[in-house]
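Each of the next two complexes has chain A plus one more chain, namely chain B in the first and chain C in the second.
Moving on, here comes the complex of A and B:
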């Protein structure tokens, strides 16, 4: 969905409608208020001083006999425009100051950043009051003072956001192309930090409105005969016991107007947050129900019939039947990501699951681990792990299974840096399994953890126990994760691309370690990877997945012998470069639009090489021309 | 024109005093015109940092980088223009294009930059669109890809377009930094075939950074091995593969998974 469509959808929500109505009302008052009621509101009437509410004057009159309601409505223009002006000036100058260090770079840039940081250290309202006193007593001066006070915060926010975008490859590419830095900042950086700035600015406008009213209340902002809500509050508060409405009504106006901006910020924030955070809509949920009931019915039928796969054989450690994972789409439809996958893993077996990104291989593994969460939907006709029946769903495994699974199931993820807590000693994280799932004593868990760290060949484990994840190399972090899994006596290790982020030499070490654990302890391993060569070198059996379906289940020996039946499997094999691949010939690859769903031949592997004519029509004065 | 890219005693150090970290230590390396040189080593061995010094994304703390006879490290003014003849292709297909600009806009930016560098008149919008179409055809993608946003394309397609962007700048040297390591093995071949074909047709030289020796063996004429910031071995690809002199090189070769 594009940003515009998301914005429209957000504005149509109840909150969005409310925000739009409130903004429209404010805008109407700001534009037409003084025109419609300006004269009436300014008219003093000594006969009607401090009148209580009456049909002619809904909220009564103030100390000069002027209508409080009309004055409040008329004051909207000054209050709102000054607040918006202050916000605009503050945000724009803050953004510019925040971007400046990137353009200038070097020492000057660092000074600016230091200046911003010092500015942020001062409380905003204090700065605003100080500048207001310096700049003199007028609405414009107060507005400018607030803008100046706001600048450091926006400078810092912008700088932080922009600095992270500055490290992206497209900025590097633009630098290498020789695009001037000031152009890069406006073309590549600003559009990509825009959204959080807009949301913040809307919310800040609410705060600014209150600050501006505060300055006027203190007598620093708008001066007589002009009046804004703060000024009215200032005049009304002295007589609050005589005519409370004179202070309360502008006070309520300030609150309502402030809330309007905050509400607008909320709605914009929702609209501008990228996809992926959307939860299951009610409609999608309803449409899910039949499949869920179907799965239930199937399960009952299986139990009633008591034939075949109801209870797997004793030597099976994991058995999954008809696993389905789907994602809700815009418009309430469901997109199947895993479609009816069934497989068994025997005790002591190493099974590889291989496929391209989007094939559903990781989702299959994550579903077994109970780690797939809503908005995705998970169901399976039956699942058994190590003698326990599992109900696979997006709600994870029930707490009653935690103890069993904690001991018998180990997980290794792709990125060991994000699966270890950076603030806790690695050793304590390894020992945690012992404390949580195995009822070990603290000392016992530590001793066991050191033993496991030794098992996975972490050098000097006693010292390494007390180190943080960042002090470990990528390979050692992965070893520590495996050690944590080995704290119990796992009958299955679920490994999701555990070597993809590692160097080849480190990868070789991890593969060897997994193999050794498998041989020594008889632990079964389910190993997910996109690299069929890695999978084949480690596993005894290979499951091939393609677009959510299991297309082949084959022993590694058969795979190596070239006995793969499915064209996709053969295509995957053909694309792996080896040390014997012919040099100087095009490498095989699978095009994006290849379709293996039918009985297509292996010939769909194309070279995807441009024609020589296509290259020759380039305007290229390279070295050879 | 001499288009040899040479690194002369390049060292790159980050930080100061006791926290100083030497990422690259005294590397001498020459990339001959028209040659494809593989640069292998583990993460943190300094291979990317070295390449980035040739395009100004990192500055050597000692030593220099030359294109022909002109120093392009610490470049200013005229030599800065010269440095634009060295282009780089990055690893991550997720972040190599501005997500808010169309593919056509990103490629046009590179074309315009090349025209500015050469001092040739910048073509009219229609002619620029034609050039973008040619670029896309040269990486075997349909011309209407120009209207797409990066998020609508697969990782493999984005890397092909990253190749097109580098070509758009009419480079004499291309630095390809792990350009297929974030891709599925099954689409890696397409990107590499394309790059090889373009290299042969257009004659630029290429520094091909990778940690996969099987790929380096297929793509590169010569190979250089880096470890812990130092260059430990350079030689013809097949010589290095058959008779590696350094233990680490042997380890790298042994680690390539076989079917």
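Moving on, here comes the complex of A and C:
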């Protein structure tokens, strides 16, 4: 029923109403046109040959003194019916041919698929012209030729759709039950591929109408005394100097009728495919939001604790005051995603940023890097990086800061597969910073990049330089990303969940590498993670974010000692399973709707979380911010 | 923990290599061989169908080509001339033999060897076809990329709506109607370009535009949609984090990732553009093969029809082959994975 409702909604939209009206007009002309004006349109008048537009003849008359407008209206019947007939025959035969390989299976099926694929290689109009050699030159022959020419395309579409359904469980179940394949195809497969086939048929009908007019225009379709729009064009073009309307009016009719079918297809497409109802901007907006990937990962390892405050760093590499990020909503309001976050990062410090998915930790990082784009809004009261003042906004940093940021700020992203460009050699991507910001020659940048690849322990770096990302393993891709960051002399590495997408063993290698860089070069690292165990082991300081706010800024030692002040931080630590967590009981988790913004979440937690020893031991009476 | 041991694939690879077949080790050679095989089979099907066109005509082709009034003797002579008196298999084999020796028979109406007609007329057709292909590709990539960049992330809604509607209408206008509209506007009304015929540079403008307009509009839409998809990819964010000029970002990091899908789709569009030349040539009285094929179908000049259909089909197959090879040069991974 939802399909019907969607269809109704789509037809009520402005485009839908337009499509319905246009179809109704076309249907009216096709049915009543020849009845109403047939005789008038056929009447030749030697006294009125090639007249310009006049009140009696709105678009003038053609070479035989016949009214151009009336002839165009009457010709609608032949043009539309022939196109629809060709579409119907082509679609039905295409569907049958496309389903045949599934029914027959085996060698015969593969031969049919190969035949379809060869047929698809040839353009439809060329096939139609070829078939009109066999079928002769008439309206019906041209219609049939177009139908045959359509068959391979539609067959391939049907086959691709049906083949994807064929692998589903309900088809396998039916096959096991011994139901004949032809029955399965019609009962289980066809209903599931019906919708895209209908949408395509509507759009195809538009193309068929144009092709049919094309054949008639060439003189290979409708023959005198019959006439369709194509035939009228054929006669009109020769006289385009005398009466341009004789060619233009049927031409416009073809375009309008073609558009009608395309429009119908689009409206049906919106109604029948759920994806079509989603607007592009909504999808784009979603892609800007923090990734949800962390949501399914679990939080593990560590202990629980009491109170402590972070020491303000003397020599800061990054300082941010009152950072705010918000997303415009449908009603014109702004939804805050990051609310007034302030923090400092000292030189050589490793700071972890933890929090659940959507807490704003990645957005904070991306805002600092100037990588958050409109429609999101970014603002900050003040921001400094490595001696330069930054203006944080959704427009990114000015080009004048490119060299400074390019050399001194490095980034490592979550998924190394998608973060490396699949079309460019890994080595060239590593070397790029050298070319862009360090004034290196091509050869110099390559040598430097190979050196960096060696530093991050990529084996055989000369050969690996010229390989594509897909030839690297996950761990090596992330090492290459880090190597790219090390091309300059970064004072800060912004790492956005750099180990989340990796295996645990590979994770350990990456963490070790980051630690080594930090120790050897004194590079500060801002490490976003939802994995509090990783953060407490790697970082010197931890920032906890919750629903867009910074709720805790604590040294890692204090956190490990159980000195966290905010109940959310404690709840986070409590969910970490330990070696002596009670077995057989469900793991502790923080419920989605638990609200820590108030003073004490204790009631919420006890009500919703199965009590484990770890949570029962918690002291929830600490102060909250 | 040692860093190298974190990547088990590194040590595992040489072992796996030994077990792979010759083709797996040379994916390029394997792909080229398969693709060429497909090309040859398609050519075979094309030639066979062109041969069968005449055989499948209901009734007697010899009688049809001469008309009802012809004497039985004339019909018999025509039958011998077309080779229809011989057994089917002999006709088929000699058709192939003719193809390999460049002898495609003689045009019934002009008595010229078919191969001469093709050699004489093909350049005019190929000129406008390839000019249109090149222009459509260049325009589509430049405009699609530009509009994709301008309207990314739902910005400039006005521009987006304008682009989408204009390109949708242009994409729907078939080449022969575009031709007629162009003739009316620029040749009849403004008299900037010649109405028909092939002479100087100006005479090429309208036919090539007519051919390129629709495909360029559809391709531009596709390139824009692809640009929007690519711009959402993580690797674009990585590139932006490296802070480079926009021209390098779009030219080096975005463009190569668009080309695969763009070229795949342009294969289909370019094929239909070859067919479109038939229509456009008939509007502009262009001295290519398009006028000849229509006349020879109407005049039942079967040897000429067969020859021209084989020519058109072979050009289409060749374009598809070139595009598939270009695809693996551009993006070896996707193309080789697909096959």
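Quick notes on this structure:
The rule is simple: the second predicted complex is superposed on the first by the 341 of 625 C-alpha atoms of A that agree within 3 Å, B and C clash if a C-alpha of one lies under 4 Å from a C-alpha of the other, contacts with A are read in each partner's own complex, and residues count from 1 in each chain.
One rule holds in what follows: a residue touches a chain if its C-beta (ideal position, glycine included) is under 8 Å from a C-beta of that chain, and two chains touch if they have at least 3 such contacts.
Just so it is clear, the structure is predicted and the values come from calculations on it, not from any experiment.
With both structures placed on the common chain, the touch criterion links A:174 to chain B but leaves chain C unconnected.
In the superposition on chain A, A:32 makes contact with neither chain B nor chain C.
Within the superposed three-chain model, A:572 lies in touch with chain B and out of touch with chain C [touch as defined at top].
Of the two partner chains, chain B and chain C are each touched by A:508.
Partner contacting the larger number of chain A residues, of chain B and chain C: C. Of the two partner chains, chain B is the only one touched by A:357; chain C is not.
Shared contact residues on chain A (touching chain B in one structure, chain C in the other): 505-506, 508. Touching chain C in their complex are the following residues of chain A: 114, 118, 121-126, 129-130, 132-134, 137, 206, 210, 213-214, 217-220, 233, 237, 240-241, 244, 247-248, 251, 254-255, 258-259, 262, 280-281, 284-285, 287-288, 369, 371, 373-375, 396-397, 399, 401-402, 405-406, 411, 413-415, 418-424, 429, 432-433, 436-437, 456-457, 459, 468, 470, 473, 475-476, 479, 481, 484, 505-506, 508-510, 512-513. Residues 168-170, 172-179, 187-188, 191-192, 356-357, 474, 503-508, 530-534, 536-537, 559-560, 571-573, 575-579, 581-583, 586-592, 606-610, 612, 614-625 of chain A touch chain B in their complex. Chain C makes touch with chain A in their complex at residues 1, 3-4, 6-10, 41-42, 45-46, 49-50, 53-54, 56-58, 152-155, 157, 168-169, 172-174, 176-177, 180-181, 183-184, 188, 195, 228, 232-235, 237-245, 248, 252-253, 256-257, 268, 271-272, 274-276, 278-279, 282-283, 293-294, 297-298, 302, 305, 309, 312-313, 316-317, 320, 330-333. Only residues 1, 3, 33-34, 42-43, 55-57, 80-81, 83-84, 86-88, 90-92, 95-101, 106, 109-110, 113-114, 116-117, 131, 134-135, 137-140, 154-157, 162, 165, 167, 169-170, 172, 184-194, 196-198, 201-205, 211-215, 217-218, 241, 251-259 of chain B touch chain A when the two sit together in their complex.
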